[in-house]
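Before we start, here is the structure in question, set down as structure tokens.
So that you can tell them apart, the chains are marked A, B, C and D in the order they are listed, and the count of residues begins at 1 in each.
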Amino acid sequence: MEILGGPLYAVAGAGESHGPAVTTIVYGCPPGIYLRAAEIQRHLDRRRPGSNKHGTPRREDDTVVLLSGLYQQDHDRLSAGPALTVAAGDRLSQTTGYAEGYTTGEPVAAIVLSTAKKSADYQQFVGPMGEVRPGHTDLVKYYKSRGFVDPRGGGRSSYRSTISDVIGGAIARIVLREHFGTAILSSICQVGPLQASQTLAGRVQSMLQASNNQPIAAAAIHDLEVAMEAAEIYTLDDAFASAAGELIKRTRIDGDSIGAAVEVVALNVPPLAGDPLYQSLKVRIMGVLGGLHAVQGVEIGAGFAVVARRGSENNDPIRAAGYQANSHGGLIGGITTGMPLVFRVGFKPTSTIAKPQQSVRKNLEEIDFQLRKGRHDPCVGVRAGVTLESRVAIELLNAVLMHQAQAIDVENFRLFGG
Amino acid sequence: MEILGGPLYAVAGAGESHGPAVTTIVYGCPPGIYLRAAEIQRHLDRRRPGSNKHGTPRREDDTVVLLSGLYQQDHDRLSAGPALTVAAGDRLSQTTGYAEGYTTGEPVAAIVLSTAKKSADYQQFVGPMGEVRPGHTDLVKYYKSRGFVDPRGGGRSSYRSTISDVIGGAIARIVLREHFGTAILSSICQVGPLQASQTLAGRVQSMLQASNNQPIAAAAIHDLEVAMEAAEIYTLDDAFASAAGELIKRTRIDGDSIGAAVEVVALNVPPLAGDPLYQSLKVRIMGVLGGLHAVQGVEIGAGFAVVARRGSENNDPIRAAGYQANSHGGLIGGITTGMPLVFRVGFKPTSTIAKPQQSVRKNLEEIDFQLRKGRHDPCVGVRAGVTLESRVAIELLNAVLMHQAQAIDVENFRLFGG
Amino acid sequence: MEILGGPLYAVAGAGESHGPAVTTIVYGCPPGIYLRAAEIQRHLDRRRPGSNKHGTPRREDDTVVLLSGLYQQDHDRLSAGPALTVAAGDRLSQTTGYAEGYTTGEPVAAIVLSTAKKSADYQQFVGPMGEVRPGHTDLVKYYKSRGFVDPRGGGRSSYRSTISDVIGGAIARIVLREHFGTAILSSICQVGPLQASQTLAGRVQSMLQASNNQPIAAAAIHDLEVAMEAAEIYTLDDAFASAAGELIKRTRIDGDSIGAAVEVVALNVPPLAGDPLYQSLKVRIMGVLGGLHAVQGVEIGAGFAVVARRGSENNDPIRAAGYQANSHGGLIGGITTGMPLVFRVGFKPTSTIAKPQQSVRKNLEEIDFQLRKGRHDPCVGVRAGVTLESRVAIELLNAVLMHQAQAIDVENFRLFGG
Amino acid sequence: MEILGGPLYAVAGAGESHGPAVTTIVYGCPPGIYLRAAEIQRHLDRRRPGSNKHGTPRREDDTVVLLSGLYQQDHDRLSAGPALTVAAGDRLSQTTGYAEGYTTGEPVAAIVLSTAKKSADYQQFVGPMGEVRPGHTDLVKYYKSRGFVDPRGGGRSSYRSTISDVIGGAIARIVLREHFGTAILSSICQVGPLQASQTLAGRVQSMLQASNNQPIAAAAIHDLEVAMEAAEIYTLDDAFASAAGELIKRTRIDGDSIGAAVEVVALNVPPLAGDPLYQSLKVRIMGVLGGLHAVQGVEIGAGFAVVARRGSENNDPIRAAGYQANSHGGLIGGITTGMPLVFRVGFKPTSTIAKPQQSVRKNLEEIDFQLRKGRHDPCVGVRAGVTLESRVAIELLNAVLMHQAQAIDVENFRLFGG
């Protein structure tokens, strides 16, 4: 099953890159949270290709339509979402999506139509004589599906599927913010060989040291977001942003692509969330970040740097106000310590490039592969941040609910006098 | 999570009775099955209120729109489904649903808009002073959601949610029919005190005895369906159908409601499907049938009648051609024997009635409850058959895939020369 | 996976009827519950064949050994359980099981050795020429496993597997009792054609009416248990117990077996537990009761009797103190109402009988089957009560935790000053 | 739930570091696989502390006792496992574990007694005044369990829990080897700042290039294992092994600890296994490797090195015989390509060190922490290889079964003539 998170907070997704729509169902959002479609839309707009200066020029207009799970007494505001029409022959159905309301505790469903598909671009890949794009899923999915794959794009393996991640993540963020003031940010920290000299994890650690581990104020979080939004690419380091933007531009002109690395940091994280072992929050987050399309490496806290260390330098000292360092990255034994969750994720260069490459047809006949049409991101990492953030939010909220489940409070089980 | 079936074939649902739409995602349909939206629509039309002579007069027009998971080379036929439009301010997105194609193995999503809701009908139930309909979920859901429930209807507890069951079941039926010729039928066998004298299970057992357990031909199955479709209510017994139809009519006029019982029978069932114990097919099907809204009893095979029997009369004799009787109802040890799956399900009378009743407001103040508006089925059982069939289909297909998984065939794992 | 309950409170089981041991792992018991192995043992002793006057004479000595998940400072009391020795050649390992302690929140594992197996009894069933016992899983499991089944007994399909149910249920009962005073009882209500005239559900309903729905005191619950324990078979109705005991005895002498029905009633049930739809508590409990070995029917509340009723007589009136009747059986919309959970379960006569029957060998050659050796219960229903109670306890606790998870309390997420 | 893998092949574990035993249940092993306890024991012996020259001197004798799921006609060989005795007062139960037999398809359970615990070592950590070991789970687990944690060790967070991983992995390897000739190896590639100059992934890639992607012969695999077994630490690079062994020794003398990195490589991997997206094999393996205790980074294929690359150098060329390079590490789109699975895992230095550190008591009072007793691995990475291999095996077999499930073959559903 295509389920992200769970068993308590879970996001079910469907919809391939060139299908009519991406469909999302979010399970387990507690009742009583005020949701606005506009806030979900804001995150989706960050995810959208073309939303940044260096993404793919392919234009998609990803309007989210919320179809269930909200309510409020003011029906006009509740139902002020997009108008939705289904016309089947002479049968016409019409309704409007939800715009804002309180969650009822029942599942929240959403669709995002796909309208930008140009099937003509994909003739090169159709059937047993179809060509295989190196680095793509074309070949394995063709054989896995016994030839029944949709050859027009990557199907579920397409980056478009992450619309569901972002919707589910947006709702999780709202719940976490409301209860704990949690915020989840990301910052690009490497593009090709260029590395940022200022990191988000470093900046946050300084803020915590200055305040002796006090929660980080909403205003300070907002400032970080504004700074990254304003940069040439989504990062804290302005100089790096300009150089990286330039490098991406040059790479695109070369008909080539380039890798990138992204930091993800969660602030004001509730401690004590996470199961101990096989389904620990570390297992879960390392999986959803490390398993995202195009990712080839993931680190927590100090990451691979710890390999070269001794224990005496690596163990984070503990004082009454909390941990004095964050080599551990916010999880010990798979349980949140209250320190920021810190991850770093490495993306390969986008597989789709204009340069010729050795490849095969689906029938394994050897060819010199040359992409005929279609334009893609030269650097998939530059818009992946919002997806990474979303996946962390989903897993963190699920872990919070798992921990809460263990603390039975009889006050929650009252109906009549009982 | 609102998941029916699984872990291999699973149906995720969302959407409350008065929300914009019911959303469904079907996971685990194997690739290469030819699906037509029209065939799914045919099952949905059986489920729809107003689709029979004795259902609620409330008119819904449940057009299914398939949003993912299909493909075929003829894009015109693939994309000949309903036109789907989203208008948000000046942003307009448009696409069409899938009409027919091969499953790709990726999830199949569908939406069905809800357009018949009249919120004005529900003022009686709103807020802490809202009245509680006896037999309804109003009270428990109000407290469970800490007051954030949608009071306009039953939310997910509404019968409308079973749209997802029917969509998921329709796809499962197609897979089962294609591989095994399986068909899943139902027949109403009791309404109030009136009992059918001809049962579906009995008819099928006669057919098997006559043919010494040969598979039942598609034409014979079709004849059964035609006969039931033609009757006053969906049942094999014509005389019973007329009497029961009359009884339902009289009950409605009385402002009251009445119970019913329904048989569900699966024919040409593949043997050896089903896990042994805690997730056995018997656990699974007894649960999804016995746990459906308004159901208060469920039996397999000879059901409660076996309590009064001795083993020497109850054990089904076995000959080389198969079991000579079907007291066991098609499952032994939770595993299919190849005999028909036979279940019988008892529904309570619809809770919503026009007669006055003792009840409370949500704040527990006592009242004499009198329904103000809204019309409902006097006999919920008469259109439940398609939902019961669907749930059996979903669980059976999942069990088939579970069994298939254990038989590793290296031929399914070839890519290059390997 | 052989998992009962879950995802929050779950019982994993392993071990076939003639293997070395039955192994159980209980997941999700909250920390801080004081557990005693002796209390688990008391429930296991009720389950054990030979523990009643009418069970199988085969003697098993089911000593539970707790292997994990407990702790207390007094290590002597903690580790006062049975001595456990493993001798492998010259390597000898020794430890002791836990006797009592607080749950730590980590999984509780237990083993129960199987020592009463006599393999010689089973030569009749071995290999492709092995004979098939009508009503048993012999045939389907032989083919499902491609011949690799353990022919000595029913494997996991044996009643012995329910040791895991009882262990998991015993722990769930302790948690539910500690928080809510919940108790789960059962009473045999029919054996063959003989029906009890006093039912447990009826008795409990009288108690609630007399007290206007006050919780039932522990002493009153204890009295019910004592009365049932003292009877000839486990039931509230003494006269019925004597007659039924006599009938079972006669049936055994005839070389035959007989069916039975059992009521299961949970008292002092926390309201608001249970999910709405596909995983509702009704789906879950109807499944685990209706899917148990040998069960062919299950009812909730008034059961199939509701089919013949009108809504005006079936809807339970509601007053400020609670529901005034319990036709609904404690669940509305799959959510607990605080009324007793009431189920009735119908068991077929034990399949194994001494009388000759028509059957086949595993290769499908027809035979007149005559059991050579082995003695079994003539009436499987008479000792099934504790298993039914256990399954209800497991599902109810899981539903309680699911509901609790939705009520985030930031007090449960404090570590440092935060 | 503590479940590794699943839903088809899954390993359930229980047992804390200082409890009586570690309990394991393996679900979903197909029937008909010949298992020997001795082969499982061989993997466990690699895992055991003291099994190598640089592990903890604490001596454990981890004899596996198989308790279910096997059968063969020769009962003497089947039941030739360790003698198992339970003595509870005057009740004595005795049986023997399984030594070898065919899997029946039912769950395989195993226990391993824990006998080496010395509780006296742990007084320092008990109760609210108990001291917190920096880098350990002491603090979070104390608060998470509301004080009910077992303070004697890490509970489930202890490395001892991985006994279940190794048992489940051993069985998965046997299934994979039998069907596909798959082998899963690991090699230590870094200790502190010392890096191996020969890598396992590199060696394997050379072998594939030399043979144009032919499967690697069992003899060649055996040679690799023998070479690594013989080295000072488990690695292909002899010179590195000696230097690293020396470094570990010096670190131990310093009362300190040191990090390490380990490669894991699966050979002769069946292609086409793995789901596409949220539960892709990449998500799953990155999670179980990256989420293991003490791990802070995980890479697939070329790992973080791809960040600095261009697409034209990173895309692996494809020829008729297969991929000509393995930057992708054996998974594209989360699906196996048939190329070796290649992972690299970075471990932090063991948290437990003899040097003094800043810490707190559980009540958050600040202390200078000095470990009183207990000896531990100075370099946890050096014996982690077998656990990493096991986790890959479990997930890979589960993915194989998931893929097989989609290919329905009616031949697997035959019983009578049908």
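Quick notes
Operating definition for what follows: a residue touches a chain if its C-beta (ideal position, glycine included) is under 8 Å from a C-beta of that chain, and two chains touch if they have at least 3 such contacts.
None of the values given here were measured: they were computed from a predicted structure.
For the self-contact between subunit A and subunit D, the two sides draw on mostly identical residue numbers; the shared fraction is above half.
When chain centres are set by their Cα atoms, the one at the greatest distance from subunit B is D. Chain centres here are Cα means. That of subunit C falls 35 Å from that of subunit D. For the pair subunit B and subunit C, the distance between mean C-alpha positions equals 29 Å. Here the spacing of subunit A and subunit C, counted between their Cα centres, is 44 Å.
Counting partner chains per residue, subunit C shows two or more touched chains at residues 1-3, 6-7, 13, 28, 31, 105-106, 139-140, 143-144, 146, 155-156, 271-272, 276, 320, 337, 364, 403, 407, 414-416.
Interface residues of subunit D, counted against subunit A in their complex, comprise 1-4, 11, 13, 132, 134-137, 139-141, 143-144, 146, 154-157, 161, 190, 192-193, 251, 254, 256-261, 271-272, 275-280, 282-293, 295-304, 306-312, 314-320, 324, 327-329, 332-337, 346-353, 355, 357-360, 364-366, 381, 403, 407. Taken together, the subunit D residues at the contact with subunit B in this complex read 6-8, 28, 30-31, 105-106, 175, 179-180, 213, 215, 270-273, 276, 320-322, 337-338, 400-410, 412-418. Across the interface of their complex, subunit B is touched by residues 1-3, 6-7, 10, 12-16, 19-23, 25, 27-28, 31-32, 61, 63, 65-69, 71, 73, 75, 79, 81-88, 91, 93-98, 102-109, 111, 113-115, 119, 126-127, 139-140, 143-151, 155-156, 364, 414-416 of subunit A.
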